[in-house]
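Structures for review follow.
Next come two complexes, and both contain subunit A; in the first it sits with subunit B, in the second with subunit C.
The block that comes next holds the complex of A and B.
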């Protein structure tokens, strides 16, 4: 499978948020403003890519070599948790404003299932190193795309005349559902 | 196998731990040491009474944006002093006044009894919304205790006669009950001032009198008393209701000495539970006597 197809597949056709429904928590939580959503997307993409690299190395050279594939989940979680800690330190140092905007959702990237999903999926599908990295980037781009689109819509919704029972969380979830429906239109564009 | 697995996990953990330690020293952020000190000083209950989301947020605002030091209502005077100590400033006189919630209604089940019975959700707002019952006065306390439920400090309780009373020692003036009351009967006032008109009825005198025998009927007696004391700004009557001037708290309890409905007084609704119980027993006994004869 060519890498271009892989990245399109991960980002659009099999978009993590809108097709696999993983990472919904930050998708709803940080999609109020486009700026914050974009930063969140970039942070997640970064963590995803590094996670893909590190977990691939750990899986290939430690877990498989020593016959310990059952340690997948535990070791991946350790990797993700440490990386998120690192990203948190990094952002706190470089951009306090961004650190405040992301707030609790930054440490919560740790429990963002989309990240663990990337690691598990590349192991399950037996991707090579380059493929895994590209897959991680693609998934991150897909997440960023979804969350930024969502934030754009929600910014418009601020001024929309929404019937009272639908205001707030309800309309957000409805929009997410319609968005997922729209993304289903891409299915069949590429295989897998 | 188990040993290898354990060793591997340990190793992976160790590597990442070392990585994080180096990163932490590398990316250490210098924060104002006073923030941590202030956080230790503040009560840490995160009640939101100061207007900030948490004690930590307030500490940061004090240390960095020069926020007022006396906003913590839970810690009160003591905390203000400690905060002032950390920030190296002095506590001014007006910052020392402890605020306490005051309930502006005396229409208990004796004074403003409702002939019917409310059996809906035990929430004041629900009772008002559904059928406007519980007490006859449409401005008075509903008596279902939404304020009691809202109090995080166990400082406000419902007396058996259906008027909340405030425990001044426990009250921290966090303002939760003020928000909870659907009829806006609760306000925060300094503990040392005690002369208020404990009524918020805007009904004209005759109607107010009819629905509650402790309502303000706007008779102007307290206003005249204040004028006679050469303090005409202390009390005024607007919209059929006497109000004390709360911008300078110059009203004195004596102005209410001749109040015909006893709504101007200085009891602050800090009634004790046993007092209320005694009153109820007495009224029951008198009613029982009336039935016998």
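The block that comes next holds the complex of A and C.
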């Protein structure tokens, strides 16, 4: 699979949020305003790419070398948790402006299942190093796209007259369903 | 008194604080694996096992864990039980394990589990902690099964894999596709809200709106 196809597949055709249902919590929680959604998307893409790099190295050179594939989940979650903490400290020291925008979202990313999903999928599908990195970027772009579109729709929803039982999470899920239907239109774009 | 409160801790997870419909937690597996009732049941059982075991360990080791590193510690505890659940599923239920796929390891980041440990298990003894976890697990499993039932009946015309309708039935394919998951959960959540509010107030509102 060429890298361009891989990135389009991860970002649009098999969109993480709308096809694999990962990263739903921030998708619903942080999609009220477009700016916040965009910051969250950028933060997730950033962490996702680094996670893909680090977990690929760990899987290839530690877990497989030592015959410990059953430690995959435990080691990945520790890596992700510490990575997020590390990225947070790094951004706070080097770029206070960026930290102001991303700061509150970073701790939330640890429990974002999309991050762990990237690590699990590139292991499961046996991607090479470059492929894993590109896959991480593509998945992050797809997440950003979905959450920004969702925020745009929700800003409009605020003025809409929604029946009481549908207010809150229910209407958000239905909007996501319609969005998923729309994204199904891309499904013929890439085989596999 | 103690037994009564333990029953209460169990019961509140079923309806009042249902993790899916009320707290809107752990959405990823709820949407992803509920294409059939069996998948929902399997995912619910696996999650409940991890939830109960992790809550028990979490409440027991609490005095040993410094609060600064508690999140990584609990994450490792959860990941360990998820690994056990995954290996058991793979060994004894290979078809179920195959259809749940990568969503079994994703139990690690299911916010219901971390949420119950953080909010309840570490603040209570092992007894109430396990009882609370059992209730939450049961509520989670029930929600997954309801969603799975609706989607399986409409999307493949079957229930627990048994064909329900004759040849004339055309399955609503969209229900087992991703879009169907979002739509079904959205509508079920609205129904749950309406029932909780007391259905007649909703009806009165709808009537007055129709008159206006």
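Methods note: the second predicted complex is superposed on the first by the 175 of 192 C-alpha atoms of A that agree within 3 Å, B and C clash if a C-alpha of one lies under 4 Å from a C-alpha of the other, contacts with A are read in each partner's own complex, and residues count from 1 in each chain.
Quick note on the criterion: a residue touches a chain if its C-beta (ideal position, glycine included) is under 8 Å from a C-beta of that chain, and two chains touch if they have at least 3 such contacts.
Not measured: the values here are computed from a predicted model.
Aligning the shared subunit A places subunit B and subunit C next to each other free of steric conflict. When the shared chain is aligned, subunit B and subunit C each come close enough to touch A:78. In the superposed model, A:66 makes contact with subunit B only, not with subunit C. A simple residue count on subunit A separates subunit B from subunit C, and the partner touching more is C. Legend: residue contacts after superposition of the two complexes on their common chain; A:58 is shown touching subunit B, with no touch to subunit C. By the touch criterion defined above, A:124 reaches subunit C but does not reach subunit B. With both structures placed on the common chain, the touch criterion links A:92 to subunit B but leaves subunit C unconnected.
For the superposed model, the angle subtended at the Cα centre of subunit A by subunit B and subunit C works out to 60 degrees in steps of 10.
By the touch criterion defined above, A:22 lies against subunit C but remains apart from subunit B after alignment on the C-alpha atoms of chain A.
Subunit B and subunit C never share a C-alpha pair closer than 9 Å once the two structures are laid over each other.
Residues 70-71, 74, 78, 82 of subunit A lie at the contact with subunit B in one complex and at the contact with subunit C in the other. On the subunit A side of its complex with subunit C, the touching residues are 18-25, 28, 70-74, 77-78, 81-82, 110-113, 115-117, 120-121, 124, 163-174, 176-178, 180-181, 184.
By the touch rule above, subunit B contacts subunit A in their complex via residues 1, 4-5, 8-9, 12-13, 16-17, 19-20, 23-24, 27-29.
Contacts from subunit A toward subunit B in the complex involve residues 58, 62-63, 66-68, 70-71, 74-75, 78-79, 82, 85-86, 89-90, 92-93, 96.
Considering their complex, residues 24-25, 27-28, 31-32, 71-72, 75-76, 78-80, 82-83, 86-87, 102, 105-106, 108-111, 114, 174, 177-183, 185-187, 189-191, 193-194, 197, 202, 205-206 of subunit C touch subunit A.
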